[in-house]
């Protein structure tokens, strides 16, 4: 049973940080996740690194490389999640091939005798076992998601979809049918990465899905408490922050800093972001209208 | 008036050595020519180096390069010949462009106003002045020789042509009309160069022109007294030797030998060749038939 | 059996559109444009495309009877001479089609990825020809080893964006180009370089390349009055392959053979995440890579592994979904030959036919030798499948490969190679 | 005005057969074979030649409308795309014709000279294609600076004979090849590389190359319903030139322009025996070189001087006798452009049309810029002569020139060149 609704249950907007698991190693990841929770995270997107992260900007790409060269595997990831002792919902963020291949024999050939096509069910089953609550799969548009949707339904997990500034009305309808947990509202075009500003498009995008009955979390390029505030004041139910946090991890790796120090910085940054979001909620037209 | 007939006037076969004038410098050339005359030369082919010696083998090619890099020009050549004090006929051996261009303005353009086409006459005139008796122009077949023939006639000089093993009967007829002084019978295919053997083709070639009323001198690849003897015994009226002598000059340059030593070797080699020719004459069917 | 994809961009289980949401509208726009301009010749798009292929590209390319190969194998071997296309490979068919389509769509900028540089140079040429600003993404490792192609792109006025991620090769360059596209999707078209990527790319690229089989079909009838018994083409992503096969797919008597790069071995080193081959059809499993479900070289977890081949243009861990489907359907036979055999075939064609083939194309030729050559492995079924009249798609010329050939020949024992020692230091 | 040579191989005052006696029979045999096989199509020689040109060579090559150049110059510019011929230049037309003729003549061995390596590679390809043993003479200096072409010849199975005489360049290689021919004339044919040498070479090579103008004439009619106003071609020896002009010579309204390499200056340094150009038509005097009377770069005595051009293929002290004659007769205009202008034209075509031209061909393009470009010298007569529809013979592609372009662009100030600094060390 997904705990994702809990993240959006309180009065405050949800703060959803992202980290690549295993960056730069599993013990550090554990410390970082705990720090983020202490910093106010309402839910965490735990990245499972894939070798071809086509939707990521350079920051997360490098995190993925660090994690992969540390030897992360889906199974290690699941064990990591299983061991985690934090009290927030967890979203698995990864690319479809890892779901698709989990538990399949490599080298099997379609069209041959007892061949069974791979599929996402074994991955979802295992994810449910270790306490994952939902998925964000950036290379899986709603049109290709039937199998995964079915598996999520079977194991009571959520499946988050992204809505981009370019998403057409037709596609919004399709996504609306498939989405659960929250909608990931992509604040601007491009790939992930900390940006100096948050696009006007956010408000516009939010307006287009205002009547959806899932929470709306905005991501892509939020890097400061002020950004967070502005995004939330534009109507978001939550904020998703990745690169701005991964930057801190990267800095730690580059400067060989102790894990505890990096964790402290992450907690600090998390606080800033969470506070910004809360401030934004107070400034929102809705709040002011109340 | 050409003195070429003198070379074939005696009882003995003519020995006609070749040297590239200016190889490696003019004073040496003078010494070498004198040495060859002392060694028994009946006539000398004095090479005037041309930048594209397409009919020469590597030995003479290198002699040409040495001479050209020493700065030889046609005019220097003429002065050299003028200064020579030897009592044998002299044949100028060179390529047609040097005859063609001598005295022409460079850069003149056909088709323009007072343009006069270049031609061999000025060269022949000057050659006659300095005491040249005839020409061998290896890149000038009889078909292209009308102008040069006319100039030679005007100044009473001879024009030697080459007959090759490949020359057809038709072409023999053409050559016969144009040739004077002697026929240069090419002993074998290929380009000049000292060879270990003299081809059987010599006798055959000589037979084909037996009834011509000019002397027949055989060249290409004669390098020893024995060769010379065999060639003459096959019916030649003379022998032409180039590379075997140029080899001695080249050796002198390479080993930095005094001119006088090289000259002595040339004289020695000349003696060997001349003696061989004379011996060959005694062995010839003709001689034996007498 | 037509393999035309359905409206959802699937070929059987393969294909689809596994891309970030931000790109979906661009892909829908592209499908729409593809259907209108390419399939329905709206505004005379296809007429203009064909005219430019002819006048700028040099089409039709000949179907040449290869006399010495025919003697050697006791079959009639015909070479489809894509090596004579402008730029030196079949790549221009696609690049020109897509850049022209981008123009019709009102796009103002072109991006493309390139591995060995062949698709990059073709795109740069097409972009210069059609006056489109063009940026090429290329891995830093590839930039280092493909300098002449890098230079050709620059000479043609393209910008070059080095990709430092990962090992700096094709796979990373594709990811990076997708990112650029996702950021600049409004005014930018991504010229995908093979029959890979999300729908409609596999189908569209196949259509642009199908001029190869369209011509070969007609030329076969002209030359020997009937269709060939088989068509053989190398397969990296599979664009020359699908181009050479497309118009024969419905002719069930024509056997279609896709020759993959067997590299040095067919095994995958999971520890190292490396496959010493690029034989995804023969040895890969189903997966999702670069926007499509297809056959992929991957480890047990689904991480994509680095592929390897002496031929840079075949060195790719995926393959076109349509080709994967046709193989599963047994309409296409997937076979493979190794690096050594490809080099030997390279030297053979150069010496015996006076044509220096691309190392990619040499794989297709090496397969003939493997099945029909004097030391053939006696696989009679394979020999039967090839039949009497065999069309081999000569996808490109080998001028780009000279340095590689020196290096790779020098370190192997290739019996028919000329002495390379004088070139050992490179050109 | 036909420029067909008479039976004595003369074009006005030019031409002839200035060769060693030993070669005369071979030349007569060749003339006989040429007349029978080429002019009279005996045994279907010409049919086979044309078929091989088509299937092996890739003919016809397109006549392409160059849109950006046309815009730039306000004229209709058409490119005859010999760069698309197999091997990358017009050279194959001739090499294939001669090697095939040698086969018909029963010869068993081919020799050829090469300078930049273009004729050598074309001959090696033709010889491999026709299964003829082949030896190429090449100066040692040229071998050093044309490594890729050397390698291509070797790859095609040709033997390479380095020529050490003189400065080790084209002129010496020609002399050496003549010597080989004179020695082995019975079984050997010398494949002369341009419209030079003793008769019947100039005429015969022109006939083999005239397929260029034959096609261009037909394509002009198809494309714009009439003949072009002018045809522009670069001239080294002049084979692409004569090939592009031949079938237009009788069309007096078609202006023919031969563009020579002006190098760095039109002057000759007699002291050094060097001409910093290869403009024998414009600045040379009558002379006899390599078997023919023609225009020659020579010093006051008639010694041949070393020519120079940034383009190796134009770097020759002589020129075809027929072309010299046509210039004297005012049927052809001889013009020239320098190294800098050629480099600029190279970059212009690459960037604006997506075609990387040979540096030789870039000279023809540079002439357009000189007369019609924004900074044209205002020679209205020259601009008039070019007319509205201009065919430029694009004799070859520039892949062979990349190293030279880097080096030469880097040391000059070529305004339209991309930044070369990253390539400064070579490829």
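So that you can tell them apart, the chains are marked A, B, C and D in the order they are listed, and the count of residues begins at 1 in each.
By definition in this document, contacts are C-beta pairs under 8 Å (C-beta built on N, C-alpha and C of every residue); 3 or more make two chains touch, one makes a residue touch a chain.
Given the structure is predicted, the values throughout are model-derived calculations rather than measurements.
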Label of the chain whose CA centroid is most distant from the centroid of chain B: A
Euclidean distance of C-alpha centroids - chain B vs chain C, Å: 65
Whole-Å gap separating chain A and chain C, where each centre is the average of the chain's CA atoms: 36
Sites on chain D at which at least two other chains make contact: none
Chain contact graph, described as a line, ring, star, complete graph or other shape: line
Set of all touching chain pairs, with the criterion as stated earlier: A-C, B-D, C-D
Footprint of chain A on chain C - complex, ascending: 8, 12-13, 16-26, 28, 165-166, 171, 174-175, 178-179, 182-186, 268, 273, 283-291, 293, 296, 298-304, 324, 327-330
Of chain B, residues touching chain D in the complex: 50-58, 61-62, 65, 68, 73-75, 95-98, 100-102, 104-111, 117-118, 138-141, 143-144, 161-168, 171, 175, 186, 189-191
Chain D - residues contacting chain C, complex: 54-56, 58, 61-65, 68, 81, 83-86, 88, 124-131, 147-148, 151-152, 154-157, 347, 350-356, 399, 402, 405-406, 418, 423, 427
